Amino acid sequence: MILQILVNGVLLGGFYALIGVGFSPVWGVTNIINLAHGAIALLGSYITYYMFQNLHLDPFLTLPVSFVCLYIFGYPVQRYLMNMVVKAQIFMLLILTFGLEIFLVNFMTTFFSADFRSVTPEYAGKSIEIAGVVIPYIRLAVFAICMVVTAIMGFFLEKTWTGKAIRATSLDLEAAMMTGISPKKIYSITFTSGSALAGLSGSLLSLTQAFSPNIAGGLALRAFIVAILGGLGRVEGAFLGGLLLGVIETLSAFYIGESYKNAIAFGLMVFMLIVKPSGLLGRKYYAEVKH
Amino acid sequence: MVILEAKNVAKSYGGLKVLTDVNFEVNKGEIVGIIGPNGAGKTTFMNLISRLTSITGGIITYKGEIINDKKPHEIARMGIARTFQVVKPFGGLTVLENVMVGAFYGKNNAKSKKEAISIAEEALQIVGLIDVRDKDPRVLPLAKRKKLEVARALAMGPELLLLDEVMAGLSVKELDEMMTEIIKLKQKGITIIAIEHVMKAIMGISDRIVVLHLGKKIAEGKPEEIVKNQDVIEAYLGSKYAKKE
Amino acid sequence: MINKKLILFIVFVIVLTALPFVISGYWLRVLTQTFLFGAIATGSNIIIGFTGYPAFGNIAFFGIGAYVTGVLTTKYNMPFFYTLPFCAISGIIVASLLGIPILRLKGHYFAIATVGVMETIKELVDNMTELTGGGPGLTLPIMQGEPEYIYKFFYFIMPGVMLFSLLILFIVSKIKQGYALRAIRVDEDAASVMGINTPVYKTFAWAVSAALVGITGGVYAYWLSYIDPHTVFGGTYPVKMFAMILLGGGTTVIGPMLGAFILELISEIVWSKFIAIHGMVLGLLIIFIILFLPKGLFETFKGGFSFKKLFNNLKENRL
């Protein structure tokens, strides 16, 4: 039993890791806590839902579509909204993204309805059993994709020139600018790829649980928890934070009660902020030092 | 009488040692200058006295009491006031109100608004800012904002005044004014530690000079001794210049 | 100058008092709602605008107040008015206990920590079904009397709470402690070396704010006579509250109240016309305020209205 719970937790955690991987670098680099991250992810969920429902496409084939669509969506949002206030006091950005979230959630409610939707291809119920632990194929595939994408993102940030420039910007904007890095470009790449990753994770979400526009806020806060747990802006941190949150949520749902899992997640976040705001793998980022 | 004493004071940020083994004393009524090249650790030392950062090693005593575990506001109430190198005026408050904050919460501890206003006006009088009392400090030129820093500190009613580069960036005329003011403060019985990056200004007013370089005290003495000190010349101008001498 | 303001203010209060005798039930309700937001924004402004701590989740205290009144009137049969001090006290206790650790955080971290607190309390209330009625909500005893009388009762109570908050804010802006808060807002290091015990003052500011917002929550609960966790802890309240404070100007006493009037009346007019897209319009309105009016309406148009000023605001914080 405990093994099954842990496995469920890890599988959920893989998804949270991906949510965090899209969210955390944006915060670390551009100082934007994107409260609309959950709403953007849900746009991806609806892309998958409608392509599956109307075009009868296999949901996994829709992943690149939502990735690309939300990459394109992220560009003007960053360019014409976020960029306009990046130099203002930080809570301005916070309210801006909150305003965007309200807009998107209500947009989805108006046009896609507030009903819970789910994507159920015919293989939805199939699963394998290893040592008494049941693992649905879909969850396994989702987990695998999350891990692969997280790894790619980590590789991108560590090894490529653009990735290195992004990390340099997150550590010290002024110094990065002196070496010829253009913050405009870096901010743009970071935000749009964050948005694309959000879309991807939304598509994957639609495969594992029912969703409605109203879960947007919960998703965004979870992205935040993951970022806080692991440490701002770090892929390996988001990975660790995601798994941790997944396991803690499933464990507390089982031992304390399903209805307490949110209270525990949010309580944990507040506790973490108080005790070690730089995260478990803590290291200071430019955005933090600057406030 | 010794008013402030630093014993083996050290400070490091992570692995970076910013101050090591700094020892010195300040006597009541003195003006002590601290000089040293950029990054020598002068501001950091001042931050340690006002307890804005934690002390890594050693002890600092003020009037015989160890202040290592005190909070910034407790230090202020004990009679230590300071200015900031990067001026920090309270924008949104007028110049007078800025100074009133000092009168309310410093050692003066003004009980009423009337009292705070009269203390603040006196301080503004001393530094010569009384005619801009109702302006927002953000619109003032740098020299005046530096004076505001001093006025705010004065309104606290300090016994020990820490000045962090109040003379940097001033014109020759402004510099003269500031030096005269500092000497006036000394005459009122206030002990002063003045940090300066530029040597010239500080030499004229200090009773004693302490030289910091790379976090270490490399010299201490009367201004006329310091200007002749080989180590100091080397620290400031590089070894090439020192050898030529 | 002071006298002119005072006269304007007295006129404002007289108009408020006279209004219920000329307008209908619907508009009384709209105005009561407006005063509710006026009270929330004004009460929150002590910590947000004066002290400079973006307490995004300050609505937590609104919810706490609402539930204190809700539980005390239903489970303990306490008369409504007696519950209000308890709303204030609960706010003060929670803010003081949390203030010491949380007010050490700055910027984003503080803002989000308060959201975390709000969400945690919401989830707890949601789960304490025996006491609070849980997710389905709690129905309060309905006030006795004619509907017309009840309308007017709340029409006077709600601005009463708002004006009380305004008075507290005014007093805070005048006393010694107010200077400390404003100093903390600009630069905490500078404030602390001038002798201000910053943790204590910040906690004081948050506690006062919590008490006022808590009382507002209590009145709200009795007014609607039905509360549920998802409405009173969050929803669009936090962001609306923030937009109001920004719109009116957080460094002033009266700004947040005016911001509330403007935004809530606009919302109401929009709501009745475009009920389906109300939420979308609210989102756009907030985005508009952040982009074009981050300094607030009054600060921006001090010397008269012009579109150029809007665009200057837009350019100011661009990368």
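All chains are identified by letter, namely A, B and C, in their written order; residue positions are counted from 1 within each chain.
Everything that follows uses one rule, which is that a residue touches a chain if its C-beta (ideal position, glycine included) is under 8 Å from a C-beta of that chain, and two chains touch if they have at least 3 such contacts.
A quick note: this is a predicted structure, and the numbers were derived from the prediction, not measured.
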Contact graph of the chains (line, ring, star, complete, other): line
Per-chain Cα centroid nearest the overall protein Cα centroid belongs to chain C
So, in whole Å, the Cα centroid of chain A is separated from that of chain C by 31
Rounded to the nearest Å, the gap separating the Cα centres of chain B and chain C is 42
Rounded to the nearest Å, the gap between Cα centres of chain A and chain B is 48
Note: in the complex, chain A contacts chain C through residues 27, 31, 33, 81, 83-88, 90-92, 94-96, 98-107, 109-110, 183-184, 187, 217, 221, 224, 228, 257, 259-260, 262-263, 266-267, 269-270, 273-274, 277, 291
Counting only contacts in the complex, chain C reaches chain B at residues 176, 179-180, 182-183, 185-187, 189-198, 251
Chain B residues touching chain C in their complex are 50, 52, 71-73, 75-77, 81-82, 84, 88-93, 97, 100-102, 104-107, 109-110, 113, 116, 152, 156
In the complex, the residues of chain C that touch chain A are 54, 56, 101-102, 104-109, 111-113, 115-117, 119-120, 123-124, 126-127, 234, 236, 238-239, 242-243, 246, 276-280, 282-287, 290-291, 294, 314, 316-319
